[in-house]
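After this come two complexes, each holding chain A, first together with chain B and then together with chain C.
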Partner chain A sequence: MNAPMESFEQRWTSSPEGFRVPYEVFTDRAYYDKEQEKIFRGETWSFVGLEAELPNKGDFKATAIGDTPVIVTRDQVGQIRVFKNRCAHRGALLVREPRGNVKSFDCVYHQWSFDLTGALRGVPMRRGVRGQGGMPPEFDMANFGLDALRVESLNGVIFASFSSTVEPLLDYLGEEVVDTIQRIFNRPIRIMGDQRQYVHGNWKLYAENTRDPYHGSLLHLFHNTFGLYRATQAGVSHMDASKRHSILKVVATATPASESENKEVYKDVRSYNTDFHLQDPSILAGRKEFDDGSTLIINAIFPNLLLQQIANTLAVRQSVTYAPDAFEIVWTLFGYADDDEEMQMIRMKQSNLIGPAGLISMEDGEAVEIVQEAVVRDGKKTSLLAMGGGRAENVEHMITEAPIIGFWENYCRYLGITQVRVA
Partner chain B sequence: MSPVSEALSSTSTTDKAAKALLPLDDFTWNSWSAMETQWRVERLLSRYVACIDEDDLENWPEFFTLDTCRYEIITRENVERGMPLALMFCTSRGMLVDRIVSLREANIYPQRWYRHIISNVLIQSVDAECLQVQSNYVVLQTRRNGQTDIFSAGKYLDRIVLSKGELKFSEKRVVVDTHRVDTLLVAPI
Partner chain C sequence: MSQAVTAAHASAIEALHTAYLAALDKGDMAAWAATFASNEASYFCISAENDRRGLPLALMYDDCRGRIDDRVSFVTKVWAGTYQPYRTRHFIQQLSMNVAGANQYRATSGFMIMMTPEGGATTILTSGEYRDLIDIQGEGDQCRAVFRERRTVYDADVLPRYIVFPF
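Right, the complex of A and B next:
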C-alpha cells in the first residue's frame, strides 16, 4: 500500500489523444477512503435492494453501501427503512444474518432492542438489579436510536443516502434513467435468486467495464464463436445530464449485417468463427417482451448499481467494496410475478448467459483482475480513453468509451480532483 | 406438478430423498448387492471428477443420460430461500456440450487447475429405475502462481440410472455452500 496522502489534492491531466486516468486510482488506499467519504457516504444515492426482497413487515436484509454495513427493512406500517448495521451501544453488528424477519432488532451482545423504525426500546438492567448498577439518570433512550439513512424507492427499486442535502432521487437519476427503471419495473417482479461474485480488483474497473460498449463484442466471444453476433446492430451510448450514469442500448436491427460485413469488421479479431453451432439453441430462445424492440440495456447507475436487460434476463448488479483491490458483485435476477411457466423456464435457461458463470459475462471478472495485477506499480502512468473521440458525449452507436469519461469526470467532481485537458 | 414447474422448483426429488429415511443397509439393485452398488457408484463419482480434474472435458457430457438429463450448480443460499436461480442450469446433453465448446472456444479465463475431493458417498434411496445418492465435495483450485485455495465446497445430489449397462447421471444437482464465486466459474463441478 502507498503512504496515505497528507492532503488529498490531485490533478489529472488529459492529453490531446483522449482522457487519461492515473493507475494509482485503482490501488491507492487514500483514493479508496476518500471515495467512501465523498461518494458512497456523500452526495449520492446508492442501491440497497428491491422491495420484492422484503414483501412482509419485519423482513430485513443486510447489505453494504461501499463498505459500510447497512440494514434494509420494512417496518410495521410497510415503510422501507435503512439503518447502519451497528448497535448504538457499543458498535456491534446488529443483524448478523443476510436476511430474515424480525419484530425488533436485538443486539446479541447486551440485548439492546430497537424497533423497526430504529428507535431504542429496551435496555436490559437499565435501572440496575437490586439497587446495583443501572444507567445514569442522564441516559435518554431517545438519543440512542439507530443511524437512519434517507430512503427513496422508484418502482420498487430502493436507494438510500447518507446525505441530507443530496437532490431527490428522481433528479439524481435524470429522466432517461428513470424511464429505464420504469420500463423494466413496469409491474410486480418475482425474485429468482442471487449470484455473488468476488473480484480481486478495484470496483471502479467494473464501473468502467459496465460503461464500456467498445469491449462487448471483443472480450465476450460466445456470440461470435457460435456465429450469432451482428456487428452492425443499432445501438446508443447515452448518459444522463450529469453524465454519472450511462444507458447502453441495443435495438434489434431490421437489416442485420451480412456475413461479409461481419468478416470485414472482425478481420483483426482473434475469434470470428462461425464453424461452431449450438447443440441446444433453446438457451437463446426467448420472447419479445418490450414494445420498443430493445434486446439489451445496460444501465449503470452511479455509484453502485447496474440494471440490465439482456434478452429476457433481467437483473440488478450491486457492487459492494471491500478494499482498493477487492469488491463483490451481487447479482439479483428476477422475472415478473405474472410470468407463465414457459417464461420462467426461458429466464432460467437464459440465466446461463450472465453472472459469474455466465457464457457472455464471466470474462468481466477476469478483465478487471488483469488490469489490477498490471497496475500495481507505476501509479502516475495513465490509461487512455479515446475511442469515439475522447469526450463524454452522447452518441447513437456503440463504438465509444464516452460513458467511461462521464464516470471519471463525475468522480473527479466528487473527490475534488482538478482535471486539466491539454489542448 | 407439471414437468416445468417441477424443474423450476428449487426442491427437487433429490432434496426430498435426502430428507427421507435412509434405506436399510442391505438391498439388491439390478442384481447387485448393496456393497457392489456402493462400489459402482463410488467408481462412477471417481471417474466423473477425474474427467474434470484431468481436463478431459469433452467426455464430461458422456456421464449423463442421453435423452433427458439435468445438471445444475445452485447455491445453498438460493435453495434455502426456495429460489430456483442456478449458476449453471442445463436441461439437455446438448447444453452440456455447448458449455464445453464455449469454454474451449469462446470464454476468456485464467488457466487454473481443479482438484476434486469426494467423500461421504451415501446411497439414500433405491427404486427399480434409479439410485438417489448424496456425497460431499471440495474443489481445490490452483492458480497460475502455484497458490492453492478452496474454490468450492458443497454436496452432490445425484440421480443415477442404469443405461445400456452403464451408470449415468439423469440428474446432478451441485448444491454449493461457497455461494460467493471467486472471480468466475467456467468449468463444471
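Right, the complex of A and C next:
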C-alpha cells in the first residue's frame, strides 16, 4: 500500500532525450483520486453519450464520468439533462438499468420521485401517517433535487461537466476538433450497437495509446499486412491549441509509397507480409464517403473520448474508470440514418476491424495490460516519449509521440505537477 | 408440423457440438472452421445487450464462408505473437432442437466458457446461448452434421478482457 501523498507536490523531470513519465502515475491511488477531483470532476467536458441514443422524451442511459455514476436523459421538452445517479435522500443509486424510458426517476429505497428535470416531486409519507411521523416543517422539496451537471451538445455529441467555470464546449474543444466532430456528425446517425470491454490497466495508458501514431502500423499488423495504414502514407499528427486533444489523420496522397519503400521501412518488423490474401476481400472494399479523402481519423478528446473513422467504421469509444489498474472501454458504432442497404452491409463487415476482438484494436487492450503488469513496482522509473523530437508540437507526419506529450503536459497542469526539463 | 429427430441425426448433431468445443479448447482454428458448411456458412458472435435491443453490431461478423476462413488466418498468422495466449474450456447444454427443413435443424444450447491465461487463474469468460442452423449431410449412419449458421449470443455486458478466439 502506497502512503498517501501529502498536498500532492509532484515534480517530473524530463531529459534532453525526451519527455519522461514516472510509472507510479499508472499504479498509485493518490494520482487516481486526484484525477477524479481535478480532471473528471474538474475543469473539463466529458463525453456522456449521443443524442441518437435518446430519441424520445423520457429516454435515459446510465453511464459514468471517471467513476462517478451519472444519468443522461431527455426531458419532457426534449432538452438533454445530466444528473449524478444518486438519490438526494440517502444516496442510493437511482437508476440501475443501463438504459430505458421513464416518466420520472423513482428511488427504489423510499420511493422518492424526481421528474425529468431532476426536481423532487414526491416524498411518500411526507405529512406522516395518521398524524404520526412525517418530514419536519422546515423540509423544502426545492432543496432536494438531483445534482445537475452542465450539458452541451455539438452535432448530437453530448458532453457534461461538473464545473461551473469551465470554458464553453466549443472553446474547450478548439477549432480543429470541432471541425472533426462536425465532419463525422454531418447528418443524422443510426446507432449500430455497443461493445463493452474491461481492461486490466490504467485509463491513461489508453489515452496514450490513442494519441500514439508511432504504434499504428507496428502493433496492428492487420494495418500493415493489408495496407489500411502504413507509416509511408501521408498523415498529420495535430493537437488543439491547448494540446489536450489530438487529431491523427491519414490523408489521401497523389504519390503512394512504392513496394520497395514499404519493404525498406518495415525491414526490421516481425511481420510484413503483403503476400497474404484474404479469402473474402470485401471486408476492405469500402466506399468513399468524405470529400477530403481521409480514410483514417483518430481524434482523442480529453479526458474520456475517442472519436474514430477507420475506413467506413464510425465509432466513439468512451473510457470509464474503476481503479488505478482497471477501466472499461464502451464502444458505440454508428452509421447514418440515410445509409442504403449496401452501406449498412459495408459497415457491418468492417465492424470486424474494431471492438474488443477487432482486427486492429484487440492488441490495444493487450498493449495496455502488458505495460500495467510491468510497471507495478519501480514507480519513480520513467517511460520515454521521444519519437519525433520529444516535444508537443504539431507535425505533418505520423512518426511521432508528440500528442502523448501534449496529454501529459495538460495532465500535469490539471493536477498541479511541476515539470522540469533538464538540459 | 413437428417432426421427430432421427437417432442418426441426433447423434451427428451431438458429434458436431463436441467437435466445435474440442476445436476451440485445443485452440485449433482450422478444426473450428471445419465444423461449418464448406460452401455457404456464417458465424456471428453478438452481445445479449445488442441482441435484446435489436441492434446488429456483433463482436465477430463472419457473414460468409470466406470470412470464417479469414478469421482462422487472422488468429494464426496475422495476430501470431501479438496476444497473450489463453486456454478455454467450453461447456454446453442443449436447450431445444426443431426440424427446420429437409435434413436441417434449428437448435439452441446454453454455454459457459472458462478461461485460463498463461500463468493465470481460471475464471469465467462468459456464458451465453448458441442459436444454430444445422445441416445434415449424407445418409444413414454415414451422415454428418455441419453448421450452416451459428449465432453466439453472449451474456457478459462487459467482456472481461480483449478477445482473440471465437466463442
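FYI, the second predicted complex is superposed on the first by the 414 of 423 C-alpha atoms of A that agree within 3 Å, B and C clash if a C-alpha of one lies under 4 Å from a C-alpha of the other, contacts with A are read in each partner's own complex, and residues count from 1 in each chain.
Methods note: a residue touches a chain if its C-beta (ideal position, glycine included) is under 8 Å from a C-beta of that chain, and two chains touch if they have at least 3 such contacts.
Please read these numbers as outputs of a predicted model, since none were measured by experiment.
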| item | value |
| --- | --- |
| First, second, both or neither for A:Leu359, with chain B first and chain C second | both |
| Touching partner for A:Glu341 - first (chain B), second (chain C), both, neither | first |
| Chain B versus chain C as contact partner of A:Lys349, first or second or both or neither | both |
| Touching partner for A:Phe276 - first (chain B), second (chain C), both, neither | both |
| Touched partner set for A:Ser164, first chain B, second chain C, both or neither | neither |
| Partner chain(s) touched by A:Leu219 [first = chain B, second = chain C, both, neither] | both |
| Touching partner for A:Gln132 - first (chain B), second (chain C), both, neither | neither |
| First (chain B), second (chain C), both or neither touched by A:Arg196 | both |
| Chain A positions touched by chain B in one structure and by chain C in the second | 98, 191-200, 219, 221-222, 225, 271, 273, 276, 278-280, 283, 328, 333, 344, 348-349, 351-352, 355-357, 359, 362-363, 365-366, 369 |
| In the complex, chain C residues that touch chain A | 45, 47, 49-50, 53, 55-67, 69-70, 73-74, 77-84, 157-164 |
| Residues of chain A touching chain C in the complex | 98, 191-200, 219, 221-222, 225, 270-271, 273, 276, 278-280, 283, 328, 333, 344, 348-349, 351-352, 355-357, 359, 362-366, 369-370 |
| Partner chain A, residues of chain B touching it in the complex | 2, 4-5, 7-8, 73, 75, 77-78, 81, 83-95, 97-99, 101-102, 105-110, 179-186 |
| Contact set on chain A toward chain B in their complex | 98-99, 191-200, 219, 221-222, 224-226, 271, 273, 276, 278-280, 282-283, 328, 333, 341-342, 344-345, 348-349, 351-352, 355-357, 359, 362-363, 365-367, 369 |
